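Two complexes follow with subunit A in common, the first pairing it with subunit B and the second with subunit C.
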Partner chain A sequence: MTVLSDAKPAATPNLTKLRVKGFFSRVPVIIGSVIILTVVVFAVAAPLIAPYDPAKQDVVARLQPMSAEHWFGTDGLGRDVLSRLIFGSRTSLLVGLFSTLVAGCFGMAIGLIAGFVGKWVDSIMMRVMDALMSIPIIILALFLGAVLGRGLGNIILCLGIVMTPSYARVTRGQVLSVKQLDYVTAARVSGGTGLKTVVHHIFPNCLAPNMVLATMNLGVAILVEAALSFLGMGIAEPTPSWGGMVSQGKDVLTTAPTMAVAASLFIVITVWAFNVVGDAVRDLLDPRLRGAL
Partner chain B sequence: MAGYVLRRLGQSVVVLLLVTLMVFFTMHALPGDPVTIFLGTTATPEQIAHYTEVFGLDQPLIVQYVKWLAGLAHGELGQSIALSKPVGEVLPGRIVVTLSFTLPALVLSVLVGTTLGIWSAMRRGRLADSVISAVASFGVAAPAFVIGILLILLLGVQLKWLSISGYTPITEDPVAGIKKLVMPVIALSFGQVGMFTRQTRSAMLEVIGQDYIRTARSKGLKEKTVIVAHALRNALIPIVTLMGMSIGGLIGGTVLIEQLFTMPGVGSLLMMSIMNRDYMVLQNIVFFIAAAVLAANFLVDILYGYIDPRIRLVRK
Partner chain C sequence: MSHLLEVKDLRTEFRQPTGTLHAVEGVSYHVDAGEIVAFVGESGSGKSVTQYSTLQLIPMPPGKITGGEIWFDGRNLLTEGQKSAALQSVRGAEIGVVFQEPMTSLNPVLTIGKQLTEGMMLHLGLNRTQARDRAVDLMEKVGIPDARSRLDAFPHQFSGGMRQRIMIAMALACDPKILIADEATTALDVTTQAQILELMKDLVEQTGTALIIVTHNLGIVARYASRVHVMYAGEIVESGPTREIFKAPRHPYTIGLLRAVPSLADERDRRLIPIPGMVSSQVDPPDRCAFINRCPYAVAECETEPRPVLQAVGTGHVKACHRDIDLQTTPVRQFEATARTEAAAAPSATTPVLEVKHLKVTFPTYGGFFKRKTGDLLAVDDVSLTVGKGETVGLVGESGCGKTTLARAVMGLQEVAGGQIIFDDRDITGLSPSQMRPLRRDISMVFQDPYGSLDPRQRAESIVAEPLGNFFPDMSAKARSERVKELFDLVGLNPDQRSRMPHEFSGGQRQRLAIARALASEPSLIVLDEAISALDVSIQSQVINLLEDLQARLAVSYLFIAHDLSVVRHISDRVAVMYLGQLVELTGWRQLYENPLHPYTKALLEAVPIPDPDDAANQRRIIKGEVPSVMNRPAGCAFSSRCPLATDRCRVDKPPLEGRGEAHEVACFAVQAGA
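Then we have the complex of A and B:
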């Protein structure tokens, strides 16, 4: 009779734990994650954190320098710069997240149709994507922004359209490789409709690379929104936006440089954090894409 | 190879035609009437109707589109409503201004970026590598207007070395002209230098681990020869790809730079034509920008074959 040993089998390493440990093993990723967390907290709890109402004007206290009362001074209308920066994080995050979501939805839909249907549908759709990609992102955003208008929803839609082609390309590439696989052929042979095959068998395989792209594109979306606001074509006043604050600060650079510098640093640090964490997410989810996206 | 070039050229023409379609019809969806903006609020309906006819805006959109394309084919770019001049007269001077800081910025980005990338890869894990990588990653995150603001503050306001805005043609006053280009060139190229540094470093690191590099070193070649003739040549494909992609980024950046430094280039003309709904100027600028980006990508595709003969063989 075989006697089973009481000894416990060697513990298998927990893959998720190892991945998380690996993800946070680099110092820049830790710093980036802390920055993103801080910006998220700023955006969510802005009314609780901001020392003043960001729209409250005080013409007596115009263009104040840094002080204990106003850490980053005041702007040309006497509004507290720090409070406007904290509320500005809402604009940046909202635009970043939702425009990425819009681009992901549009791009994946186009990529799925183009890749799965193929032939002339594919050719037309991808040439349109090529045409969109041939216009530099800021110029296309300026152009569409002028057509759509300056509201938050319009800016999100505008940036969503501008970023769509990269998702469409990644999804189409993924569809073309997946649709050759045996299990997809089997699904079709067993009577599955085209739509069912796409939704149940091809779409799930397109999610990972698009998620990687989305993480990496968040920083781009924040940058383009800041650039549009800087040019006066982004979020309209009095809603605070970092790019708009740099633009206002530019006009008073000699007398009150704090606003432009502080808003500039907020943009750079936040975009840097999203870039660093985006790179780490890419390495975590699909190391093969390193350098490809 | 000739077949491949022709096919790529054909694709580019199709894409460019799609750009003209998208730009033309989207532009006419812009709210606001260019003639009313041009004449002002005091204009009578008769004046508006007269000038609408003069500028051909009373014709059906499809007729206006075909006329524009026919004009493009003959080098006729139409009439600017806001400037009351032919677009063909306005654009060349603006292009010169834009190129005067865009070209130096491109050259600077490629030279400094690839040099730093190689240097950083050769010192992997050391302090120099860490510092360069950190600065490069901040450069990628910093938009041109942010770098421009910081430069104005430091070199213009604090140190008073350079004037903070304006443009002087180099042909008029070379010293003043160059001094006014310093900040725009640095601001525009800063992010691109970061991108080239990161791309070159990563491409070099992939290559210098290969067996043929070890072989080159073991046969006694000088380190400089190993790096330039063997490693860099094989790392060139991603660098050249980035060169093609950076053209779009640089052109996009010019709008920001020209607004910040008040320079009379294509970028500021583009902004002005959006504000004035100056259709002819706007559609021609976007068309030429798209054409420049497509031409850059086309050249990069052709260059691939010369850098790596294996690509040429596959295309055959």
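Then we have the complex of A and C:
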């Protein structure tokens, strides 16, 4: 009988390696990944990379066009635009990452409870989420921003709340389908408590779609943060933020267009990169592609 | 051009990231008008891909037909493009295909009339009225009652068996010369399966259509086919007339298959001889016999010789093997003990482990605009059953008869509407989940699908150790890991593989993991819910042997739920037959199979094809009709709507389950009256 165990299972030569290889086989994904990496490096090593102090004003050299000293010119207070963009990546990334984290934690907790407990708990929680979802994201963010006030922490919290419902929905749906799989019943039959089943079996199997959602939402969070800053509800001056820079640049668009254009490009390119990589992550984790690669 | 379809040296490959998968490796065969040809083999043997390749129905890429000729109607189909008009007219018109899954192969948003007439209007140039008339004809031909009025019904309004009939009608719509049935009856209940196969056989006889049956069920082959091709790892390893293949197989794989399959004609104590190991990888395989790692007859020269080619051993009988093997040849190596482990203690029905008394399970039905509760659906109706210590009770019935619901009720996973469940002299009916939890140490369960019952994100050892952690929280990590190793050994898995993830195991190994988990807490009862139905024949026999050995060693009791009567016969001490939520017959395995009393049991037994072309049972008649829905259970005896013995009394009164002879209970007025 032990002879059997010598038989190797059907060929599974390092699937992870193959999947990663497949992941990077598309040019846009490579470009997107490089961009994200660059933005991360900008954020982490901003003081080392930025040519100038982003807060240093030089009124004599205000609103300068592109030049060798100032690649993207200077703003209305004579601050170097490139340095401010590099420092601004910190704001964007912080807000993006932490608001996604907040939304993910809240949303997954709500989705897990609603999906697993069911009944009226489910109805109440999900109706609240539906209500939140029915309000346009920017308007809700503006409202929460007005209530909570400006500041990095508040922006993160506000975006976190705004994005919670999508995680709650995705998680709940996943819980509902995972809950009726045999291995969850098997966990119960093996004597596991409800809590243990949720933590050990349901939660880990709900992670994949949430990861996909998170990568895609990072781009959205950065975009909404920029929009809030553009509308004057975001990060307060003098902390640089891309949205705020577009807003300032728009006032001098005719005389010194570089600032608005450069800041917009940074936003567009970063959001695009997150979207492309998010798509690729989804393909990577899509159950239909599991085993196919 | 003498043959209707002639395939020569067909080769199909699939490009994969890990290399090239050789799915079909030089397959040649032919089909003549009016004959039934079968392709058998385990999953992954390439039998379906071969059929799809002839019609170029495989996805290209990654698939690619790299060689061969397919002669049909004087043309080589391979020279036509995949999307060419010539091939389009062959597919669907001249060669019809019936697929395995009747639930998914019909479009749910179109009426069946629309789906039936579409092809006719396209291929035969009929107008709408003519096409509809023809559709009605076809539906009557395949045995669908009220054909005209049901033409505008949607697929979901038909049962699985009816849908498969519709699929056949569709395949027949343009009078095809060949009908390919790709595992067409695998997903159906035994009685429905038998009806569909009889239908196809009759159609072949009437119309002269050739039928290609692709199946893993040797019983079907023996019963219907005139010629058989046995496939293994993308090659035909043996082919010949059905009788010769079954009576004088010459390839080790064919011999292995025949010995692994449980049959209704078996003695219960016949030990099944599984084919050890698994199909070797077909990704860039070496040029030698593909069966070598599982072959009990393999000798040194098999290692060095190139792939064996087909050689004639009789009229129309060919095999691909270097050695000259037949049923009498002594194997040169042995993989597994062929003797049955002697039971430590005889099973005793007198000390019951589980007693189910008058159990009733209902499901509420909802209706109306506000989804109000409108009634109760009786899924399990007054079932009484005992399982003794060290005993195996088989529970058989067709899908929807309530066997899984009964199992879930026993496991405390399903609310009970009435009756009692007594486990180990303790009433466990209606216990709350927290009251039930400590009891779960003594009752465990193995599920049907080994792919769904193991958490894909847990390692094998933590899966097996799960009950240990729950029931023995004080166990040290070392003791737990020792126990896990022991369990791995017990179920015949290598303990070195315990840190692997479930997807790294094969289906059979996964089911062993599930069994190891069920054994971990040393339960006195294991409920096996269709635990081997999803496995390939050779693996099935491995698991049956494993279960029997474990029972002999550990004196554990099994409640073995299955729809396959031949498997149940092999493992059970007593067998209970269920029909529409009721127990209709309950007796020892020998009485049940040798002297079945209830007409339903008889019908079930008659429907099971026996893997022996000479068995007279294969000529028996097949029961008509389908299992009615539990929603409209006939009044009186549930079986009265299909029963040949039914009288007026049966349609009014419900027959009780009464003893008849020694340890033989049956619920039938006609039998009780001595008819």
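We take it that the second predicted complex is superposed on the first by the 270 of 293 C-alpha atoms of A that agree within 3 Å, B and C clash if a C-alpha of one lies under 4 Å from a C-alpha of the other, contacts with A are read in each partner's own complex, and residues count from 1 in each chain.
Please note the rule applied: a contact is a pair of C-beta atoms (placed from the backbone, for glycine too) under 8 Å apart; a residue touches a chain by one contact, two chains touch by 3 or more.
The structure presented is a predicted model; accordingly, all values stated were derived computationally and were not measured.
For subunit A, the partner touching the most residues, choosing from subunit B and subunit C, is B.
Contacts of A:Val246 after superposition: subunit B is touched, whereas subunit C is not reached. Using the contact criterion defined above for the overlaid structures, shared-chain residue A:Ala146 touches subunit B, although it does not reach subunit C.
In the overlay built on the shared chain, the residue A:Leu101 is in contact with neither subunit B nor subunit C. By the touch criterion defined above, A:Val20 reaches neither subunit B nor subunit C. Residue contacts after overlaying the shared chain place A:Val40 against neither subunit B nor subunit C. Contacts of A:Ala186 after superposition on the shared chain: subunit C is touched, whereas subunit B is not.
Judged by the touch definition given at the top, the superposed model places A:Ser264 against subunit B, while subunit C stays out of reach.
After overlaying the two complexes on the shared chain, residue contacts for A:Asn205 are found with subunit C alone; subunit B is out of touch.
When the two structures are aligned on the shared chain, A:Val128 is found in touch with subunit B, with no touch to subunit C.
Subunit A uses residues 291 to touch subunit B in one structure and subunit C in the other.
Looking at the complex, you find that subunit C touches subunit A at residues 17-18, 276-279, 281, 283, 293, 335-337, 411, 413, 433, 437-438, 440-441, 443-445, 447-449, 452-458, 466-467, 470-471, 489, 492-494, 497, 500, 503-506, 509, 514, 517, 520-521, 542, 546, 549. Within the complex, the subunit A residues that touch subunit B are 28, 127-128, 130-132, 134-139, 142-144, 146-147, 149, 219, 223, 226-227, 230-231, 233, 243, 246, 249-250, 253-254, 257, 260-261, 264, 267-269, 271-272, 275-276, 290-291.
Only residues 11, 14-16, 18-19, 22-23, 26-27, 29-31, 134, 137-138, 140-143, 145-146, 149-150, 152-153, 157, 164, 199, 202-203, 238, 248-249, 251-253, 255-256, 259-260, 270-271, 274, 282, 286, 289-290, 293-294, 297 of subunit B touch subunit A when the two sit together in their complex.
Put simply, subunit A touches subunit C in their complex at residues 1-7, 9-13, 18, 21-22, 181-183, 185-194, 196, 200-201, 204-205, 291, 293.
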